[in-house]
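In the two assemblies presented below, chain A is common to both, partnered first by chain B and then by chain C.
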Partner chain A sequence: MSNTRSHIWFVSPAVLLMFLILILPVFVAGTFSFTDYNLGSPDFKWVGWKNYESLGKFSSYKKMFTASLTYVVIVVPVSVLLGLGSAMLISSLRFGGELYKTVFFLPVMATLLAMAYAWEFTLDPVIGVINKFLDDGCSVGWFYKLFTGSWLGFNPTESWYGELCNDRMPNWLGNKKYALGSISFIGIWQAFGFNMVLYLAGLTSVPRDLYAAAEMDGANSPWEKFKLVTWPMLGPTHVFVVTITSIRSFQVFDTVEALTRGGPSKSTYMMVYAMFEKGVKQNLVGMGSALTIVFLGFVLILTLTQVYFINRKVHYS
Partner chain B sequence: MAGIELKGISKSFEKNEVIKSLNLMIENGEFITIVGPSGCGKSTLLRIIAGLESQSNGDVIIDGREVNNIKASNRDLAMVFQSYALYPHLTVLQNLMVPLKLRRMSTLERFPIINWFFPNRRSKIDKLKESVLQASETLQIEHLLGRKPGQLSGGQQQRVAVGRAMVREPVAFLMDEPLSNLDAALRVHMRAEISELHRKLKTTFVYVTHDQAEALTMSDRMAVMMDGEILQLDTPSEIYNKPASLRVAEFIGSPKINVLPAESNEKGDIDCMGISMSLSIKDNKNEKILVGIRPEHTNLLQDNKKNCFLGEVNHKENLGSDIYLHVTLKDSQQKMIIRSNPDISFNTKIGEIIRIGFDNNKVMIFNESGQNLNKKS
Partner chain C sequence: MKQLTNLGSEAGKHIILIIGAIVVILPFYLMLSFSFKSPAEIQSISGGFFGAQEMMIDRKCLKTESEGLMRSKEECSMLPIVYNYKAAFEEAPLLRYLLNGVIVTLSIFAIQVIIALPCAYALAKLNFWGRDVVFGLVIFCLLIPVHAIALPLYLMLAKFGLTNTFAALIIPWTISVFGIFLMRQFFKTVPDDLINAARMDGMSEFSIVWKVMLPTAIPALLAFAIFSVVAHWNDYYWPRIVITGDQDLMTPPLGLRMFKSDMDGNEYGPMMAAATVIVAPLVVAFLLAQRRFIEGITLTGMKSR
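Moving on, here comes the complex of A and B:
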């Protein structure tokens, strides 16, 4: 480095902005998480680890972790595999691929909040299309047989669908049993188009020659070629897709806010929604900050895992 | 080991006819080279033989058996790709194991977890490993077995690619420009190695290249291919000395053959640009013809002879063993390339007028549509 100091002037705006915009807020949140600060109150007390301890103590936070993790564990594998499957189907099409790409990508482009209201109507227990359909299905012989499993010899009235037919169709968003599943379903519906696009990009970078080589080597079936070429060659894409989907699933907020507000009985109480509820709605900035820090910790772990895999396993050189 | 026969093969991509009704008979155990300029359909032809591409018309016959409807994986051919196409996530050892595992073990034996129920699976794999080790010994890549393709040099990758083709002892090898990614010195070395491998294995080799040096040095027979057709199929020396047509003569030989306008009189004597060539032809009397003289059959004359061209030197290429002079002939704009002995031409200067002699016995005569007239007589 030369002995002039001009370089400092060149880098300082970027460093300053990075500090102000990225690092300082985290630092502030970290500080607040050790206080009982309320927005608007003139002063605050240091409470040490109390906020963090309550995360482990209260059942609502335990439910929060359960809901968030369950959501991630459902949405990530399903949307990743659906994305991969649809990408492979689309890329093997001779024509019509563009149409499918656009249709599957629509949920990604649409505002999730607006879509959430559309889902609210669809899933409505009384006027929703889904329950109407299921209701009508009870009186259609083959449909009833198919879904009750009576064609396999099960007792139709004991099956899930059979019981619903005798009672009434579920309240998808209002019932503790179904709410998280419904929210996850919307999450998958929303995420898989994005994964599909990433996989489509990944698939175009697999050298054609490798498929020819696999065929010459005796890979007879599509499954052999998939195992030998497609799956491993998509390694970097897998890591990226899984990480991005996990982080985005941790961040789910719009659907929860619009459809369930964390209920019923906290079964869909996701982390970001909890942050919003504590920090903004209830003004408990200290608690909200502690949640933020824990959330950042999760994201950091995911990111570091990604970095690890990219550097080690999937880098073929 | 097997012979390969192509009968009336043609191939079109949409409206673009890439291969036009092509016939080719490849003998059992032969090293045949298909040589031609870029885009003439060599790779397409090879892929049709392999079964990776389906022909629009015609039959592929391997070992007397028509294989039109047999998949690439069941034709028992091996292919070496220009890009090598090694599996980048597998080590060299695993790469070499792939064709053996896929062919010698059942799907269930290769299926994760289920394969635990096959007690003799281990010994089977050990046996396969043994043949891999044997092949890697032949190719001297034993020390590379633990590495991934990304950690190998181009030449080493090339060997691994050949090894992968070799391990399972196919009935024929197909090679698509396997040396074109290597540097010049290594290419010469690998040329010798592949020839050696062919002598050792005695299997049919079909070798595609655009490099005439590879074709001339390695093959038993070579097929010169242009625009989807085979122009000539013969031994390298036959093709070099007796090209069937001007296009073949121009493609084979480096630098390119000199082509000069000439004409034959009523007696059949040939006059080339005012020089009587003391050559005559029986047919094609009183006609405009073309004379082909390879640069290596010309020389720089020091004394005045009857049969010589006069020309001005434009450019001089010194290759050490030879000097190539680029010349414009006097009284015309005809260009020629002359090979000369460095002892004679070391102080020839650009702009100098030189006398050019040629070897009368090696002159080729073509009619205006490019057919070789010596060949017939």
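Moving on, here comes the complex of A and C:
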């Protein structure tokens, strides 16, 4: 090992930038969250905890927490399970697996904002193919029966699809009842291919002979083998996939800003968008900073939970 | 009998995966299809994937003059596909956006490497006082999500009058703690003998970093490059905050948004043509080098930002 002083030249630019770009801003946000500062005005007042209190007081922030949590609670489990499911299907295929893998990974690569607009036009009430497809389905006997549940003996006009057939197909992004669901759907569409790839990597590390061993113990059905071997052996992958998907879902911004701007009636008003709207657009820096600190708290909790689980060595081998 | 059920289950799996693939492909299909079709076909949801490609008349073209004469209908009629892509490049400075995207992503990557590589080398191969502290700092910074520091960073840049500049698009990304972490892990595996031999030859530490370590790190660096370029080409959040109004500085996603808000009535075709042009480079690169891309994005996806 050398005893030159060159390390100073190697390390100091990085350390300086870490302090300036990553650590200092956290303190800046922390400080401003106790003020009524806004960009352009010469001075500001200290307002104590007022900004944080507003977070609990005003209904728009309550809606924000509800929307963010609902989004995470929908997107995380669905995209994780879809990732796992498609990984298991693909890895058990005899041919064609690579092709599906490529297709499912496309949304991870593609510019989300551009794809958000493509989805907007797909879901459009006038020119969208989804509603046209559903509309056409109303007059196709078996399709109508299948989706109204009338083949099970339900009254078709009382079902969700039956009512839509009699009325009109929903405005997916413009109706408060469907907007959050539609944004979540796009989130799932975008995220699950990433999870699939991680699960595919996880699956290759499950030792083959464990399945033979499980068979000897009497686990014959695929479900039992899955429960006994696959699921527990994927322990570390689960922890990683769930945390990373949760953190990313908390950060959802592009689709909200481009398609709904938090509406209709704040049903898709999510945290990072709220931060942007308050702090940047409306120049309410104090409020935006308070949101920033709360957001940071959420993400830190998620990350530390992950570290805790990984240190507990979540495998059962 | 067993073979038959095996065949059946293989077919069943394909059916499920094909349905999934259709849903995944749908917006890509629609984006391409819209970029080919005429406004009338888009409005009436007809014309299949490629549209009938009947000649159409560009109304904006009719209103412009050439050499003092109004243009004739013949001069202004064209195929819908030509109309859409022509409008995408002419009505918005799409080329400018693409160029900005290239400048920003490449500058970010280059600076990240210049800052991270020497630091990673020092952390992996040099003994100095405070090394563990610096490495601890790197790990700590990995925890900070970039969405959380965007607002204060924006305020700091605004204080120095740097919003609406290329610098604002690049500065926040110059330090990649993940890059340092990744490269340090990689450099740990490089044998000390290689470095000692270089020192014997009289190489300075500086040239060891760039002439010995850099070439050994090409695979790791390539994965990091893919990760970095994909992330910043696609990024919309940060450009949206620091660039307000100045079209000459807009990156592709921001430009697309601008295009959409300026769009009158039913210019879905040109809009989707622009989207296709923006999405295409990465998707084509991905299709050509899938394994590398998947590696780059998932391996380095350990980073949460």
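Criterion: the second predicted complex is superposed on the first by the 298 of 317 C-alpha atoms of A that agree within 3 Å, B and C clash if a C-alpha of one lies under 4 Å from a C-alpha of the other, contacts with A are read in each partner's own complex, and residues count from 1 in each chain.
The rule is short, and it goes like this: contacts are C-beta pairs under 8 Å (C-beta built on N, C-alpha and C of every residue); 3 or more make two chains touch, one makes a residue touch a chain.
Bear in mind the structure is a predicted one, so any value in this text is a computation, not a measurement.
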*A:81 contacts which: chain B (first), chain C (second), both, neither?*
neither
*Figure out whether A:9 sits in contact with chain B (first) or chain C (second), or with both, or with neither.*
second
*asked:* I'd like to know which partner A:229 touches here: chain B for first, chain C for second, both or neither.
replied: first
*Who does A:73 touch here: chain B (first), chain C (second), both, or neither?*
neither
*Contacts of A:253 with chain B and chain C, given as first, second, both or neither*: second
_So in the superposed three-chain picture, is A:301 touching just chain B, just chain C, both, or none of them (first/second/both/neither)?_
neither
_Just to be sure I read the superposition right, which of the two partners does A:215 touch: chain B = first, chain C = second, or both, or neither?_
first
*According to the contact criterion defined above, which of chain B and chain C contacts more residues of chain A?*
C
*Return first, second, both or neither, reflecting whether A:22 touches chain B, chain C, both chains, or no partner chain.*
second
*For chain A, give the residues common to its interface with chain B and its interface with chain C.*
none
*Residue ranges of chain A touching chain B (in the complex, touch as defined)*: 207, 209-210, 212-220, 224, 228-229, 232-233, 235, 316-317
_Residue numbers of chain B touching chain A in their complex, please._
47, 50-52, 71-74, 77-79, 81, 83, 85-89, 98-99, 102-103, 107, 148-151, 164, 168
*Which of the residues in chain C come into contact with chain A in the complex?*
10, 13-14, 16-17, 20-21, 23-28, 30-31, 34, 42-43, 45, 115-116, 118-119, 121-123, 125-128, 131, 134, 137-138, 141, 143-145, 147-156, 158, 171-172, 174-175, 177, 180, 199, 204-206, 209, 230, 233-234, 236-237, 240-241, 252-253, 256-257, 260, 268, 271-272, 275, 278-279, 282-283, 286-287, 290, 293-294, 297-298, 301-302, 304
*chain A to chain C touching residues, read off their complex*: 1-4, 6-7, 9-11, 13-15, 17-18, 21-26, 28-29, 32, 39, 82, 86, 89-90, 92-94, 96, 100-115, 117-119, 121-122, 126-127, 129, 132, 189, 193-194, 197-198, 201, 240, 243-244, 247-248, 251, 253-254, 257-258, 272, 275-276, 279-280, 285, 288-289, 292, 295-296, 299-300, 303
